[in-house]
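Structures incoming, each one as structure tokens.
Each of the next two complexes has subunit A plus one more chain, namely subunit B in the first and subunit C in the second.
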Partner chain A sequence: MAKKILKRSDLTKLVASVGKAGGAFVAPKAVANGLVEYVFIKKADEIEFDYIVPGKSFKEANFPQTEVVARFKNDPEGVTVEGVELNPPRVVIFGARPCDAKSSESLNSVFTWDFIDEFYTKREDAMVTITVACTTGDNACFCTSVGIKPDDTDGSDLLLRETEGGDFTVEAVTDKGKAFIKEEKAVFTEGKATPKERTIFEPRKLDVDLEKIGEYLKDTDHYEGDLWADMARKCIGCGSCTYACPTCHCFDITDEGGFSETERRKNWDSCQFDFFTLHASGHNPRDRQYKRWRNRFMCKFNIYPGKFKTKGCVGCGRCVRVCPVRLDITEVMEEISGA
Partner chain B sequence: MKNLYLPELVTIEDITNEAPDVVTFRLVFKDEALKESFEFKTGQFGLYSALGLGESTFCIASPDTRKGYIECTFRKSGRVTGALAAMSVGDTMGFRGPYGNAFPIEDWKGKNLVFIAGGIGLPPVRSVIWSCLDKREDFGDITIVYGSRAVADLVYKEELAHWEERDDINLVQTVDPGGETPEWKGKVGFVPTIVKETAPKADNTIAVICGPPIMIKFTLSALEELGFSDEAVYTTLENKMKCGVGKCGRCNVGDIYVCKEGPVYTAAEVKLMYNDF
Partner chain C sequence: MEKQLQDKARELLESGKADVIIGYGWNRDKSHTTPVFIKKAEDVGKLVFNKLCVNNLSVYLTRKYPDVYAMGKRAIVAKGCDIKNIVVMMSEGQLKRDEVHIIGVTCDGVIFDQDAWAKAEDGSADMGAELKDAVTATKCHNCDVRNPHLTDTLIGDKSNFTPPDEPVGFVFDKIKDIEKMDSRDKWQFWMGHFSRCIKCYACRQVCSLCYCERCISDKNMPQWIETSAHLRGNLAWNLIRAQHLTGRCTFCGECERACPANIPLNVINQKMSLVMGEAFDYKSGYDPKEHPPMIVFNPDEDKDDFIK
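This part shows the complex of A and B:
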């Protein structure tokens, strides 16, 4: 049977139809010279098709950089507390990459182990992830080295592959994806034959062994030693790598506003900042930058796979691209794999 | 929608000034039903908010055997604790919890107990002490070693006087050399030294310690010398926390999330942790 097709020219219809049903449409857009980001779009002609991965992942759709969780009012009658009731509209993510799609599993694993953070789950439930398999990439991409393929379906509701003609073949991955095709059947058409698909990108393969890295990190003695200080000497603690990372889940909780009316917010935070773990007493368990960098590595290759049973690193390469001092995590991965 | 970050409102029913900049609040839930149903286990903690300014993490310092209220003891040190300390009886604040694991005191039936605390490390231990004292017949000998830098810094002074009077508790109080006053009747010396001097017997005994990291370190070796096994020594870890529910990612010691898997650990467990304190 021939695969279903989504014509590029039908995206106009799709964007309009999703909007008409009250949903939002997120897609890559060239927001500045050379910078592509996932943003809410209103019209299909805003969509950028020539991108590797957008600057930030689409995690902002299910884990916004800042979000109100409660509101307080302080007046002479007393204090009132009101929790935010989330009722997110459908959000269609178009043009996700398999690495980012996979990262939803990671975020989900943190936000649902034992306690369930409904600010995350409600948004995720309302999301339809339409991934476009990668036909382009760069030297920072390394998904195949962490067990993901540039046309993997994990975490996607639909997987699209570009055809030579610029349209997309459609693979329904989840029930949610199937239902979406049914709802939007006007744009998911069926031809007689499947058109020729473009070749999938082949990222560079690192000389890494995730199991070996995992074993290395399991040994608490390996937390000591000069390796970390040596490897992370350059790090200036800017936090860019963690903000760009699709699996980073850390946040701060702050009350913002005046004393009479305040919002309690969840705001992205980063383990690369010195204040992150600073105790009220003045003691800081991670008082040096290399200790903070070590924590990030530990988080990605021990805590995520060990505790949460998901991937801490999806190989999107963002941290490698954004680091102002070119501290390349893949070099540390290779070093430890060879240790 | 279930909102993990929404605090419950509590009223400050009583305030005790314990030491310079250290206060104890007695808190009662505004919601009558919650006031009745609220339960926790000794060792658990909560997030207390000065609504509009933010949250701070403290242990629940009252025993789990007393219903209808909770207490917390904290030192005024930052924006939130400063705002809390400025509040008065009758004021409203926020509470989220209880979170974390607890001291397994049910498993300690029939055993002798040694409580060791330094300075502001007494509040979590005090919760355990009273939880055990309220079931006094379940336990053997009870020894408490408590020390602080100076006499003025000792917290729960009234309770210390009460424990001193009871003949079913052996209370040993100490202050660091130089911290004594002319009236001071207790010991002078650092907590680990006084623990060694007091020499509680290790046989069939559980020890609970809490205090500054340096005190814990040396007390652990003192207990080891006295023959305590690492499995019989409990402590509660402190770390910076924001969510309390395993999401915000900042309380981990290596691969351990203190807010979820702790804060109570045996010395044996602590020794297996990454050097990330």
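This part shows the complex of A and C:
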């Protein structure tokens, strides 16, 4: 049976139809000089097709940079607290990459771990992830070295593959995906034969051994070893890597507003900030930048795999590309693998 | 030039004049340069200098890096423009002249965006490729310190470059464009850019003149700037930062390079520099004895008389 097809020219219809049903559409868009990001779009012609991975992952759609989780009012009668009931619309993510799609599982493990964070889960439930398999990549991509393929279906509801003609073949992965195809059947057409698909990008394979890295990190003797200072001293603690990373999930709760009205907000936070572990006493257990960087590495390759079945790092390469001092996580992975 | 640099580094380390050389090295793929800290004479071969050496390493001289400080006597590989930041740090009492050995390198310009540089088959940088205007930092088009102005050691051949009388390049073109806008368009231009700010503070972290151990944005008793990455918080942050850098910023360009949201921070900082030039006839980064105007109280030299 021939695969279903999504024509590039039909995206206009799809965006409009999702919008008409009250949903929102997120897709890669060129937002500034040389920068493509996942953003909410209104029209299909905003979509950018020429990208490797957008600057930040689409985690923003489920885990916004800042959001109100409660409100306080202070009047002569006293203080009233008002919760925020979320009732998110359907959000269609178009143009996800397999690494990003996979990362949804990782975020889900955290946000459903010892407490169900409905601000995350409700949004995730309402999300449809349409992934486009990678036909392009760069030297920072390393998904295959952490066990993901550039045309993996995990985490996606639909997986699209680009055809030579610029359209997409469609593979339904989940029930949610199948239901979506049914709902939008006007744009998911069926031809007689499957058109020729473009060649999938082959990222370079790193010389890394994840198990060995895990073992190395578990050995507490290595915790205070010279490796961290030697390799990560140059880190300037800018936090860009954590904000760009699809699996980084730390947040801070802060109250904002005035005397009579206040909002409680959930904001992205980063383990790369010195404030992150600063105690009220003034003591900071991670008192040097390289120790903060060590934490990020530990989180990806020891803490995460130890707690969850999902991946701490999906190999998207964002942290490598974005780092102003080119502190390359894969160089450290290789160093430890070869140790 | 690299040989000269490495020989000098060896000499400094062996003679005990320096315990650590803060310089540039290659990353694994030789596609980008990256900061290195050389402690042993046998490692000096790692030091390189080329047009990809865009980082301003002077940030590692600030008190934000107690571990670099603890390494002992510091020597730093610095381009003229990086030295400007060192000069401002000195004029603001952050660094004493004898606390750092400056290995000045003469320079033909650097590329603004290492990723934009021509790459060979294997992904390494194509060092033979021509340094085109489009990828050269605006600061380099206008540079008057290609022969570094404050050094302990000078490496490299003399540059004969003379900067144009009027500043040229992308940043200044943009400033001119914005000057022509009315206030509504200006507001929209900046709010459009600031809306992308994610409050990562990369701009602050990469800047050697943002050396405060407790940035105003981190103060929460009381809170001065909302930490949330909404438009109000983003505007407050970017305005405060621009103000704190006014008359001090040297246009090293690091903040814009580091900004993951591609916000044109150079345009703000350079506009402020132009204003400071007009108002106080002052340019930062040249004389360690001269203080930036915003930290000086000097009624005698005020050219306006409204305050007297």
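To be clear about the criterion, the second predicted complex is superposed on the first by the 339 of 339 C-alpha atoms of A that agree within 3 Å, B and C clash if a C-alpha of one lies under 4 Å from a C-alpha of the other, contacts with A are read in each partner's own complex, and residues count from 1 in each chain.
The definition used in the following text is that a contact is a pair of C-beta atoms (placed from the backbone, for glycine too) under 8 Å apart; a residue touches a chain by one contact, two chains touch by 3 or more.
Bear in mind that the values here come from a model prediction, so they are computed numbers and not experimental data.
Shared-chain residue A:Gly165: touches no atom of subunit B or subunit C.
By the touch criterion defined above, A:Ile253 lies against subunit B but remains apart from subunit C after alignment on the C-alpha atoms of chain A. By the touch criterion defined above, A:Lys234 reaches subunit C but does not reach subunit B. Applying the stated contact rule after C-alpha superposition, one finds that A:Val81 touches subunit B and leaves subunit C untouched. Looking at the shared chain after the overlay, A:Val322 reaches subunit C, while subunit B stays out of its contact range.
Of the two partner chains, neither subunit B nor subunit C is touched by A:Gly338. Judged by the touch definition given at the top, the superposed model places A:Leu35 against subunit C, while subunit B stays out of reach. Between subunit B and subunit C, more residues of subunit A are touched by B.
On subunit A, the surface touched by subunit B in one complex and the surface touched by subunit C in the other have residues 252, 254 in common. Contact residues of subunit A toward subunit B in the complex are 69-70, 72, 74, 78-79, 81, 83-86, 110-111, 113-119, 122, 220, 223-224, 249-255, 257-260, 262, 264, 266, 269, 271, 276-281, 283, 285-286, 291, 295, 298-299, 302-303, 306-307.
Listed in rising order, the residues of subunit A touching subunit C in the complex are 31-35, 37, 55-56, 65-66, 138-139, 229, 233-234, 236-240, 243-244, 252, 254, 256, 265, 267-268, 270, 273, 275, 288-290, 321-322, 324-328, 330-331, 334. Across the complex, subunit A is touched by residues 27-29, 31-37, 55, 59-60, 64-68, 113-116, 123, 193, 196, 198-202, 205-206, 218, 220, 223, 226-230, 233, 254, 257-258, 260-263 of subunit C. Subunit B meets subunit A in the complex at residues 1-7, 9, 49, 51-56, 75, 77-78, 81, 92, 94, 212-213, 238-240, 242-243, 245-250, 252-255, 257, 260, 272-277.
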